[in-house]
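Chain lettering (A, B, C and D) follows the sequence in which the chains are written, and residue indices restart at 1 in each chain.
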Amino acid sequence: MKPTALIIGGSQGLGYASAKELALRGFNLMIIHRDSRASNEEITQKFDELRSFSVEVTSHNFDATRNDKIETFITQLQPDLQFDLVLHSIAKGNLKNVVGENALTPNDFQTTIQAMAISFYTWANQLVHHQKMKNPSQLLAFTSEGNSKVIPQYGAVSAAKTALESIMKQLAVELAPYGIRANCIQAGLVDTKALQHFPAYKQLKSYTIKRNPYKRLTIAEDVAKVVGLLSDSAARWINGSIIKVDGGESLV
Amino acid sequence: MKPTALIIGGSQGLGYASAKELALRGFNLMIIHRDSRASNEEITQKFDELRSFSVEVTSHNFDATRNDKIETFITQLQPDLQFDLVLHSIAKGNLKNVVGENALTPNDFQTTIQAMAISFYTWANQLVHHQKMKNPSQLLAFTSEGNSKVIPQYGAVSAAKTALESIMKQLAVELAPYGIRANCIQAGLVDTKALQHFPAYKQLKSYTIKRNPYKRLTIAEDVAKVVGLLSDSAARWINGSIIKVDGGESLV
Amino acid sequence: MKPTALIIGGSQGLGYASAKELALRGFNLMIIHRDSRASNEEITQKFDELRSFSVEVTSHNFDATRNDKIETFITQLQPDLQFDLVLHSIAKGNLKNVVGENALTPNDFQTTIQAMAISFYTWANQLVHHQKMKNPSQLLAFTSEGNSKVIPQYGAVSAAKTALESIMKQLAVELAPYGIRANCIQAGLVDTKALQHFPAYKQLKSYTIKRNPYKRLTIAEDVAKVVGLLSDSAARWINGSIIKVDGGESLV
Amino acid sequence: MKPTALIIGGSQGLGYASAKELALRGFNLMIIHRDSRASNEEITQKFDELRSFSVEVTSHNFDATRNDKIETFITQLQPDLQFDLVLHSIAKGNLKNVVGENALTPNDFQTTIQAMAISFYTWANQLVHHQKMKNPSQLLAFTSEGNSKVIPQYGAVSAAKTALESIMKQLAVELAPYGIRANCIQAGLVDTKALQHFPAYKQLKSYTIKRNPYKRLTIAEDVAKVVGLLSDSAARWINGSIIKVDGGESLV
């Protein structure tokens, strides 16, 4: 029987690239995404491409950052469905300075931390509670260098990333008795739609290319490949780790 | 003219010990605290003790973790009041496992992160917005080893501490042009009321005494003394730092 | 043509387990080891086991921590030989306290840092200088939690591990133009011969089993499997990283 | 009776600035330095300036990085002399790339790590062995952002700094029973003579000024002030810590 992966945020960026890599490795996929009707056709095509790898792909279009939606969704899953891998790939944060006219509000912090960190907990907690995780299985989420480096306007996302990593570590320890491990991948800067919303997008992009030891940005496939490696049983002892996949960018 | 410190959470534990140290160093104090009527007398006595150092002490009893209360409070401050030091000392978190009957809920994460991390931002953001911070001045908050170490039932507090540190760093960089620096003190385990709520309190206490290179717990005065040092203008170039004050406990 | 790996310290422990994993993945192996004549037969048998995977195995018995020996060895390699992977697996350090009768001497630090850290540089530097590294290829070395945690009597090894990681990072950045990446694996506690020399061996072993979220020690195969994953081209963007492979042990 | 500080590397840069700060705080000083005869007059003048604070200053001109010299020196100290503070301030490293014509040799690593890291151990070990440290007292050394960041040509110094920090932590734990604590200060970039030897000096300087949240370099006095704070008994519970004194430079 094929293994099954749940991709939370799987219609674009790192999530979609990872879905493709996992399909290639023979995973059936359940994809959660949030897209407008206007993009329906494009998304359908993308998911069909995944099916071309001879795996089953189901998709669900709803806001995967809302605790109530998550709970409802999980309680309605098929009774015998269990996941081998759950990948959280949600980039949804407020990008503002901490001071000035349009500064981050406390509410901006709350919603960003909810979307990018706490929702990872909600998924994990509910999946375990409803016995939807196999033994062994793995929880995986994406973090970034914002976990330690200060980038103007990135304050709320930075806080969310550190909270996410902290939650991942707690899950890694407390879920070990259930055979569930948890890890993060710290990707280098990828030219995603999320990044393009960043005010200093162009500047950040050219700075990063110059800075990276390999003089290029990280591409989604670089990261997806490592999602693939971590999905391998050979990675079974990697637990509670943050794997940097950035070509060495964060060192300089 | 005497310098003025705002202590958020100053009626007990690290906050009160720091208030005493700052009074000793000649700071006028404004103390925010949240205490029941029953403890009125005891609190009054404690604040009177601070006044014995010949400094002015005002106190305000309200929930310093609520964004609306914070905003209202700051807008009502005397027009010419400005702070030299703002110390955030709020320990208010949910202590539960991440799995099982009484597991942490998403809401537990939200309230803990709001109380221990985002409220620090709200205070900083509003104080700066209403020009209540001197140039130079300092924002200071307490963190703990939970920033990196996993402790059962400490998951929500750990996430809050990492978010707090992240917020502190962002403030340190973005508020530099205003002459406002920001730092955290990472205290070793202190036998506070907050700790006594911890389910594994006794075990954690005896383990820590054995573990600490000096074979004792951290006491509030150890930490308060360093708050005092950081309040000195000699510390002006310490910005965005996390100062460990634990006797070396976190190394072993 | 089969890829080729150079294993420095490949007759036992993590090095030998990694050699086996790489043989299984189709790597020809060149193994450097240092063993007495008495163990000749045992070693021969072990290397024959590697050959059973239908790969070529050559072995060289000399002190791989001596700069002069390294240089001589590399200059005498076949002109057209180039490596895809170089794994440094040398555990040779002085285990003593920093104070007391039998304390670590400055010379103990020098020899331990030479053996476990600088020799990694010497190998890398000479291999690059003599064009023995393919493009792309990878340098890999083992580190441990001693990089940040203080363990009595482990002082010289700790210093060597931090120096090793620092050297790895420098190589990761400066050798990127040559298509050579560099990484470390931070293994959990493995019950190797090297560990058995540790004065507090039994205590450390039972403590670690209790501490590890999976309630067992790390075994050499856990780590070797990850060497295998990192040898995969899918890991090409992992550069300058320290991959923890310890079941989550270092988090608690 | 006045406290006494031993400054290893105290005729210039951070060491001399710290000596001045400690003199101001009433410490008698013993200064180890290595200077040519040509600079005799200048050095004499500098040490006389320290005496103007009404403290005793003795100086010894020899190579403080050589283990034999250190041992000899310590055995010849007055029998009843004991130090309250020992500050290691030695910047003496090889600045070269890891590849190319003039690459770092293994010997460059050895001498740099000996000078900047192991010599700190030798001093500490011998001072303790010969009962030259008071109870309580403190060992202090300077580190830099090179502990984690890769800077071209800085490879040997980086490795030395990480080894130094590791040694400091080990001393912090193992010397606690003797009442001796150990800490490092991580200074931002200071325009010292040592820095001026750096090939990319000008570039690094202008980049750092732009990068620092306060848009200036760290000056020796910024750091010396914190040496002063750490010499205060109020800092007694800071042990095994790395205190960043860089205006927030390392965050961005």
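What we mean here is this: contacts are C-beta pairs under 8 Å (C-beta built on N, C-alpha and C of every residue); 3 or more make two chains touch, one makes a residue touch a chain.
Because the structure is predicted, anything quoted here is derived from the model rather than measured.
S.K.: Along the graph of touching chains, what's the shortest path length in steps from subunit A to subunit D?
M.R.: 1
S.K.: With respect to inter-chain C-beta contacts, which pair, A-C or C-D, contains the greater number?
M.R.: So, comparing the two chain pairs, more contacts are at C-D.
S.K.: Among the chains, which has its CA centre at the largest distance from subunit A's?
M.R.: Checked the centroid distances; the maximum from subunit A is D.
S.K.: Between subunit B and subunit C, what distance separates the C-alpha centroids? Give it in angstrom.
M.R.: 44
S.K.: Roughly how far is subunit C from subunit D, going centre to centre by Cα mean, in whole Å?
M.R.: Roughly 32 Å, centre to centre.
S.K.: If I count partner chains per residue in subunit C, which residues reach a count of at least 2?
M.R.: Expected reply: 150, 169, 172-173, 240, 248, 251-252.
S.K.: So in the complex, which bits of subunit B are touching subunit D?
M.R.: Spelled out, the residues of subunit B in touch with subunit D are 169, 172-173, 176-177, 181, 188, 213-214, 218, 222-223, 225-226, 228-229, 232, 234-241, 243-248, 250-252.
S.K.: Mind listing the subunit A positions that touch subunit D in their complex?
M.R.: Result: residues 149-151, 248, 251-252 of subunit A touch subunit D.
S.K.: For subunit D, which residues are in contact with subunit C within the complex?
M.R.: Result: residues 67, 97-99, 103-107, 109-110, 113-114, 117-119, 121-122, 124-125, 128-129, 147, 150, 152, 154-155, 158-163, 165-167, 169-175, 178, 240 of subunit D touch subunit C.
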